[in-house]
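Heads up: the structure comes next, in structure tokens.
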Amino acid sequence: MIRRHLRRSAFFVLVAGLFAWLVFPLYYAFVTSLRSGSAIFRVSWLPDGADFSNYVRVFTEQPFGRNLLNSFLVATAVVAISLLLGVTAAFALGRVKFRGRGTLLVSILAVSMFPQVAVLSGLFEVIRTLRLYDNLIGLVLAYTLFTLPFTVWVLTTFMRDLPQEIEEAAILDGATPWQLVTRVFLPLLGPALVTTGLLAFIVAWNEFLFALTFTLSDRQRTVPVAIALISGGSQHELPWGNIMAACVVVTVPLIVLVLIFQRRLVAGLTAGAVKG
Amino acid sequence: MAEVKLEGVTKSFGRTKVIEGLDLEIADGELVVFVGPSGCGKSTLLRMIAGLEDTTAGEIYIGGRRVTDEAPARRGVSMVFQSYALYPHMKVYKNIAFGLTLAKTAKETIDERVRRIARLLQIADLLDRYPRELSGGQRQRVAIARAIVREPKVFLFDEPLSNLDAALRAQTRLEIARLHRDLKATSIYVTHDQVEAMTLADRMVVLNRGKVEQVGPPGELYHRPQTLFVAGFLGSPRMNFLKVDVADAVATSAAGAVPVDVKTFTGPATLGIRPEDLHLAQGGTSPTIRGEATLVEDLGETRIVHVQAADGTDLAFHHREGEPPRPGTTVGLVVTSNRLHLFDADGLRVPNT
Amino acid sequence: MVSPARHNEGQRQRVRAAWLFLAPMLIVLALVALWPLLRTFYFSFTNASLVDLHGREGIGLGNYLAPVDGVWTGLFADPQWWRALWNTLVFALASVFLETVLGVLFALVLNVTFRGRSLMRAALLVPWAIPTVVSAKMWSWMLNDQFGIVNDGLMRLRMISEPVAWLADPTLSLWAIILVDVWKTTPFVALLVLAALQMLPKDCYDAAKVDGIPAWKVFFHVTLPLIRPALAVAVIFRFLDAMRMFDLAYVMTGSSDATMTVSVFARRQLVDFQDVGYGSAASTLLFLVIGLLTLLYLRAMRPDLSGARR
């Protein structure tokens, strides 16, 4: 009896510890973001007061609003393109048998896994040739490098799970492959599209290396670059209040989205790996 | 007009042959049932006729036209699937109309046809519902309506009743029979259920390992099975088989000796006796087969008595009147001698002489 | 599998359509992946500079290893390159190992039914959803030597007597970065493992319970072998991701030698020093190292990545 009690308590201590480990950094960023001036340099474990001046300063001292808009536009465009090209490709890879399908699938997976830095100079040349340097469109193009393979991969697993007989019924009803995709599969894939789109959105929203390398001016930057480059008077005096406020601003909408679509996201995240 | 003809049709996946050089002719308006154990190739054959599977060799003709290389939709066939395969995101009306819409049929024509067929299948009041809002039986009717609306030359049914519960299955079976009587369209029906096959079929095709065992009306297949396989496949409880040696028109085994109607055949053979053709020896009749009763199953209308014959073979027979033998007691059995089946060592029927 | 079967018109139309459907994706991927990759290979044999990509000359293996005035130059003779490669390998191996162990622990906890499980599951997604740059900044602040809450906490617990310069001390900074990576990506491993755990057959465990087999034995002899495929996949994904790590090191410690990964090294050569040839050579080598290690891993573990099981 006592032993069982002890085990239960130990388990809950473990759970509480893990929980704290997961959420503490975000909590502490929030606490810090509400303090300013010299108060910031006194460690405080609990929130003390609500001073929103950091939030005001983030938006006034640099074009942070513009950066947010940039990130939003880039991520949205990347999602749209990836889904558009991804659905048709996923149909081909998931439901049509043809020579070379397996090789193609593995190559696509390989593309999503190889180091971005390996294409950095080549991609730089492409972007400069297309006159897209320091341009959001250039970023959109660059981001398809990882969102597109990933979208294709996840949608292919979802596509494969759709019932065979529905497809055959449509074929007998005289549907062409294009009609099959647009009028039968697309409506059925609705939930999968939301999941995949959201995952691609998060990837694009969070990307740093390309955004840092392919943009130059403050007004073309995306949020991660803007946050990384927030600096104060000198190297050693970073405006931590501003930075934490920016972090909270960027993170909160993402967390809300993620929590709303929790179950679907997990399904999408594990679809490519576990079902295989 | 819409007869179906298969010529040397073969299907192989790599080196495994699923269907081997199959020939078959189906007359216009006929309802033919493909039946056989799972894996016998019956569904594959149906899907080849539909065009959903490629044909490795041989030719398929529908209505006198060679369709082997044609796309499924252009063959003039429609299919009812086991899982109904309704489009979940379309209402019943759109489900039925989809094929016509794709064919760019005029709106008024579509509307007229969908409503007429909905009335025929008694689903007129369901047209505005989604498939998920329907019961299994209703879904099945919608699937049938969708098949009919395109006015195909040939209907294909792929185990359409196997997802329904027993009561509904019997009812839908009757409806399909009625529908076929009304529409008189050539139909091919695949099932593993022999009751379905026997009740629906004009002719049955028994398939085994990708080959046709026997083709014919249900009664003929039941009463005159040409192979051991067909004999064992049709009928429940299944036909009793005794290993025998035939000489001078008598089939002899350790269980007893049974006179048979063959004069010219000698050698080892299998004697088939249907459970309804085997009876307890009563009164003065001397038993031809001896054994020990092992189990009595009471089904109400009949009892099935299991007997272990003296040679170790398990036999079963119907027992309708009187006291059944108690398990453990020795029983003597007689046969209805004009309904015996004899198969040679290759499993082929030995004709009566 | 492909027999010289005749395809009917419908099947032929499907295969034609399939290629047509794949074409846009393949074109885009050729433009952003294949072509740039080949160009990077090519640049690595030139002295191209970022200001003037066109005014380049082929210099053979000059960026890799070549004698110049009797001294070996090139990446293979560059101690900073070897340091970067070492850092990358240490980072990848340590973080993936810790993430796997912790990820399995998280998954086991979340596989137990308890009150607050859904809250815990939601919390698991928090580090995963936070942008890497943001986590780098949050942790930099927490690990700040003078005002950081980590030092404060450890001093209150009397585990350290004076503040530690987590990010400035070259012996600690790589481990600080590993810590942040573990925090951020353990949830990914945990989610994959949890998904695998939830697909395990229940009766196996009931049988073990009836037989009175101790829990740890069940874990090592039943659970672990059963989740091994999922674990193998998670590990390879994480490893490939860790080998290309850039953001954490760049944001938390700039270009300090102690934490410089190959990605940071290559970008520095490419962008900061404008030496496209040298940077491309480093990128190419990273690509080859990752490719080689992946092949070795796939050989050893044979995880089923194909997903083409139908």
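By letter and in written order, the chains are A, B and C; residue numbering begins at 1 in each of them.
Here, a contact is a pair of C-beta atoms (placed from the backbone, for glycine too) under 8 Å apart; a residue touches a chain by one contact, two chains touch by 3 or more.
Remember, it's a predicted structure, so these values are computed and weren't measured experimentally.
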item	value
Arrangement of touching chains [line / ring / star / complete / other]	complete
Contact-richer chain pair (by C-beta pairs counted) among B-C and A-C	A-C
Inter-centroid spacing, chain C versus chain B (mean Cα positions, whole Å)	58
Averaged-CA centre spacing for the pair chain C and chain A, given as whole angstrom	16
Shared-contact residues (touching 2 or more other chains) in chain A	171
Where chain B touches two or more other chains at once, by residue number	72-73
Touching two or more other chains - residue numbers and ranges from chain C	10, 13
Interface residues, chain A side, partner chain B - complex	163, 165-166, 168-175, 179, 184, 187-188
Partner chain A, residues of chain B touching it in the complex	50, 52, 72-73, 77-79, 81-83, 85-89, 98-99, 102-103, 146, 150
In the complex, chain A residues that touch chain C	11-12, 14-15, 18-19, 21-23, 25-26, 28-29, 32, 40-43, 45, 81, 85-86, 88-89, 91-93, 96, 98-99, 101-102, 104-106, 108-109, 111, 113-126, 128, 141-142, 144-145, 148-149, 152-153, 156-157, 160, 171, 176-178, 181, 202, 205-206, 208-209, 212-213, 223-225, 227-228, 240, 243-244, 247, 250-251, 254-255, 257-259, 262, 265-266, 269-270, 272-276
Chain B to chain C touching residues, read off their complex	12-14, 51, 54-56, 68-74
Chain A contact footprint on chain C (complex, rising order)	2, 10, 13-15, 17-19, 21-22, 24-25, 28-29, 31-33, 35-40, 43, 48, 50, 53, 106, 109, 112, 114, 116, 119-139, 141-142, 144, 146-149, 152, 183, 187-188, 191-192, 195-196, 199, 230, 233-234, 237, 240-241, 243-244, 246-247, 250-251, 262-263, 266-267, 270-271, 276, 279-280, 283-284, 286-287, 290-291, 294, 304-310
